[in-house]
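So that you can tell them apart, the chains are marked A, B, C and D in the order they are listed, and the count of residues begins at 1 in each.
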Amino acid sequence: MKLTTKLAKIKLDNPTILASGVLGVTAAALNRASKSGAGAVTTKSIGPQRREGHDNPVVVELDCGLLNAVGLSCPGPEESLRELTKAVKSIDKPVIASFYGKSILEFGHMAEFISKAKPDFIEANISCPNVGEFGLPFGCSAKTAGKITKAVKNSTDIPLIVKLTPNVVDIRAIAIEVEKNGADVICAINTVGPGMKIDVTSGYPILSNKTGGLSGECIKPIAVRCVYEISESVDIPVIGVGGVSSGIDAVEMLMAGAAAVGVGTAVWHHGVDVFQKITGELMDFMSENNYSSLDEIIGRSHG
Amino acid sequence: MKLTTKLAKIKLDNPTILASGVLGVTAAALNRASKSGAGAVTTKSIGPQRREGHDNPVVVELDCGLLNAVGLSCPGPEESLRELTKAVKSIDKPVIASFYGKSILEFGHMAEFISKAKPDFIEANISCPNVGEFGLPFGCSAKTAGKITKAVKNSTDIPLIVKLTPNVVDIRAIAIEVEKNGADVICAINTVGPGMKIDVTSGYPILSNKTGGLSGECIKPIAVRCVYEISESVDIPVIGVGGVSSGIDAVEMLMAGAAAVGVGTAVWHHGVDVFQKITGELMDFMSENNYSSLDEIIGRSHG
Amino acid sequence: MIEMVKIAGVREENPTVKTFTLDKQIDARPGQFCMLWIPGLDEKPFGFAKLNGNIEIMVRSVGSYTREMMSLDEGDLIGFRGPYGDGQFKLKGKHICVVSGGVGIAPLLPLVDEALADGRGVSVIHGAKTKQELIPLEKRLGDDVSLTLTTDDGSCGMEGTACDALRELLDGGVDQICACGPEPMMKSVLDVALDAKIYCQLTLERYLKCGIGVCGHCSIDESALMVCRDGPVFEAKQLVKSEFGRYKRDKSGAIIDL
Amino acid sequence: MIEMVKIAGVREENPTVKTFTLDKQIDARPGQFCMLWIPGLDEKPFGFAKLNGNIEIMVRSVGSYTREMMSLDEGDLIGFRGPYGDGQFKLKGKHICVVSGGVGIAPLLPLVDEALADGRGVSVIHGAKTKQELIPLEKRLGDDVSLTLTTDDGSCGMEGTACDALRELLDGGVDQICACGPEPMMKSVLDVALDAKIYCQLTLERYLKCGIGVCGHCSIDESALMVCRDGPVFEAKQLVKSEFGRYKRDKSGAIIDL
């Protein structure tokens, strides 16, 4: 039975990927996720300035997921680059360097900058909904998403993943534009909403940022639909992220058209062992249902 | 303790409203919801043609909510008008007549048509995401939403509720446009997504329509955020809908700025008794926390 | 949540009815139902014809979905969700009379099993238009059940309707009636039961969409009881002065006379 | 999920430390912690200074959040979520030596309660810079505990550090060490324990954001153990060859030397 999959010529031992912003603040944490069985690991999004992020509370635990507004905390580009370089050197699986900018130009600069560490992929996070000062996410307009993609592609030779937000009217149009401008892979989805949780005793929204992105189990149907729509619209591979916590969840994502699956919030309930759990369950499913490779599963729900 | 609330001069005994599309296909069902304690009831959205809706499956039960794609089934305008008239005559609580059209013009015609039954409100459903042939929901563009509002206002004197979709980049802009064009109340939110659930054994998306709107517990954080943002942006009252199933959920919606709360999916787990449950728990909360009227709760989370 | 279940066996009952054994055991009450999904086609409601051990579903071919079911074989998969329905058959009397029209016998069979296990008396009336449409019940019911067959054309058993047979049985100590079949037949049973003041439960068929009491499509006038949620089994008193026996709603929600 | 909890009582321990009794009982292990939220201000981690009955939280005023806490009174509400932390104190030895610096005594108190209830020997070493910063422990600990106080300036108890006192106690049959306090102090304790080959558990403070093992902010090099999830109590062997005692990360994630 073969669990390998491919993203733009790069092979993954198994289709699970540590999603950006979860655990991956340090090289050591990325290493741990890799050793725990992730097929690839993604750094927390690296930004152009040192940022403390939002004050606590930055997460709200819900019955079916999380709300988070960490606020893109970042030790600054130089220190992030050091951690990234250390990660790339010490980890024997593909390392995906997630990053963001505050303008199209800056996306280009950041791409060039983090490429110095020679990660296997860079991932442009054009979708973070939590940082008011940056305005509406760039990922909400197909045109801007396309321009960012082009600016990044012009700044580096490292394969590019563009990560999309689901909080748009038509994610297909954005995916098409991003592909047209040279993206090698699409990652979908970032958090949903945003959402808000109010403490009824105090009357306060719990997150210090008031609103935060929704993730986990409750967004899986949205993620699956987005992956289905995107993979119907473009030819480049898709990383499906959102609510994956079991082998069956992974199969659902793959059938919707994903070539690999991102795992974030599931680390909350299952710890970093979640990668092994998912691949184990995936293998069980494959042997019970007589699948011998992921190719037979990927995209099965189409047509 | 006072549970009364007001929507555009019309008083509700209590703030719970049966949401559109849940139970309310017949006058008898609306009557039952009213007798079971709803402060007001909303009809299933009435359309300009007889429609069978989508084939089954039209719902998927999730751990934290429902996916549905009923597909705006409708016995046709004449028969709907008969049921509506019967409902208005037999129910002693406010009756809200939900409707939709396939064009701006048709929204106007439908408004005029259903106004014949003299419901207490008409509710323009500009947000249904499930019916492909109608294209993207009208509610996704502030401009179109405004035009529909104006067309409807020009066609009737009955107070108008406009129901918004959360699946947009900026719901505030839409709310502002809808208010500017004369809406008396805003209802938020319709279902989220849409979402998709794939059966991994067969590989088929379960809904015959493939995708469906997400409702219930898992969308509450999104509904609360939308209500918060809308009530910050407009002066007209807001009906908060999405995942309300308890008195505490209702309080959260009210604190976010809603003047009343819609209840849909909660009927699934709690039956039609859910209205009494919610008002009971709401009263318990009010007495424990020394509130004597909803005015002290509504909008509390703002500033 | 839908789950794909394997068909463990298929039995032909008569030219238009087959019984499917599913590789699934559930905890359900007689009268409850499930939604069966054929991916890519549709999903429709069916009662349980057997509840102890692997469940059985007895299906009559009447349209495109049930026709497709007839072609399913042992080993095929079908989507299952359920059991649903708060309105269930309950044993109240000492001697239960079960009145069934055609495939209407299906949801009554687990009730018969239960009544027998509980040592109650059971009479089964089973009627159809003609001999070919009867379900072979002798072996299934065994010797402890008194079985009366009726056909409209007299081709088998008593000539007449199941309700005619019921009238004749009433003196024999029957103190509970449970019925399932075509609505006009059940309407007659209801009238007989009311007349004789015997506790009576009936099942109702309405067009089901969600099956879980949300969409409101199966609401009956004027009580607004939902067939999928409050039913599909109702007590006689819930159905008097209702649409029962008079009209129902089609897939669009439009009223159609029975 | 955050829940607002009433403060049932406030006790002043010394000029900068107060103990808050919360109107809440939980099932937790010594060493676990909670996140306390002051709406509109911030949310910070605190250990439990008492676990049987209403929980107690002992807080030292060191910055804007803890200063605000000092102004809270009986009857006020505070947001609570927890308990968190899979790394907890466990009783292993027959004679436990508890080494605490200042408010570091807090999470060790429930451990002392547990050890005493279990009939084990307990020595408590409690150190601070100066007399004023010591927590009054005599009454709280009772007679069954041998208490050693130390101050850097000798203003109370033994002159020196808690670790100095530990060295002297080691011959007395101590077979388990549990420590909480400033990181340099704990580093010394760790070295002593390794040297003496005594089982030793230590608590670690890192900047916590999510508190639930998701954001990765509290990861320690190179093991990537998460303080909030895998800790905050660690065994000595988990911390050798780590960042412990050398550096930590600030709110942005940047490395700062200790």
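Observations on the structure shown:
In this section, a contact is a pair of C-beta atoms (placed from the backbone, for glycine too) under 8 Å apart; a residue touches a chain by one contact, two chains touch by 3 or more.
It should be emphasised that the depicted structure is a prediction, and the values quoted were computed from it without experimental measurement.
Without subunit A, contact groups among the other chains are B, C | D. Under the touch definition stated at the top, subunit A and subunit D share no contacting partner at all. At the far end from subunit C, in terms of centres built from Cα atoms, lies D. Centre-to-centre spacing of subunit A and subunit B amounts to 33 Å, using the average Cα coordinate of each chain.
Note: centroid distance subunit C to subunit D, computed from Cα atoms, is 67 Å. Each chain gets one centre point, the mean of its Cα atoms, and the points for subunit B and subunit C are 36 Å apart.
Centre to centre, using the average C-alpha position, subunit A and subunit C are separated by 51 Å. Across the assembly, subunit D contributes no residue in contact with two or more other chains. Residue positions of subunit B with contacts to 2 or more other chains are 60, 62, 201, 203-204. Taken as a contact graph, the chains are arranged in an open line, each linked only to its neighbours along the path. The full set of touching chain pairs reads A-B, A-D, B-C. Taken in their complex, subunit D has these residues touching subunit A: 1-2, 4, 35, 37, 39-44, 77, 79, 81, 208-217, 219-224, 226, 229, 249-255. Remark: subunit B residues 21-26, 28-29, 31-32, 44, 50-53, 55-62, 66, 68, 70, 73-76, 79, 199, 201-204, 206, 208, 264-265, 267-268, 271 touch subunit C in the complex. Chain contact summary for the complex, subunit A toward subunit B: residues 60, 62-65, 67, 136, 140, 167-170, 192-198, 200-201, 203-205, 210-211, 214, 217-222, 224-225, 228, 248, 251-252, 255-256, 285, 289, 300-301.
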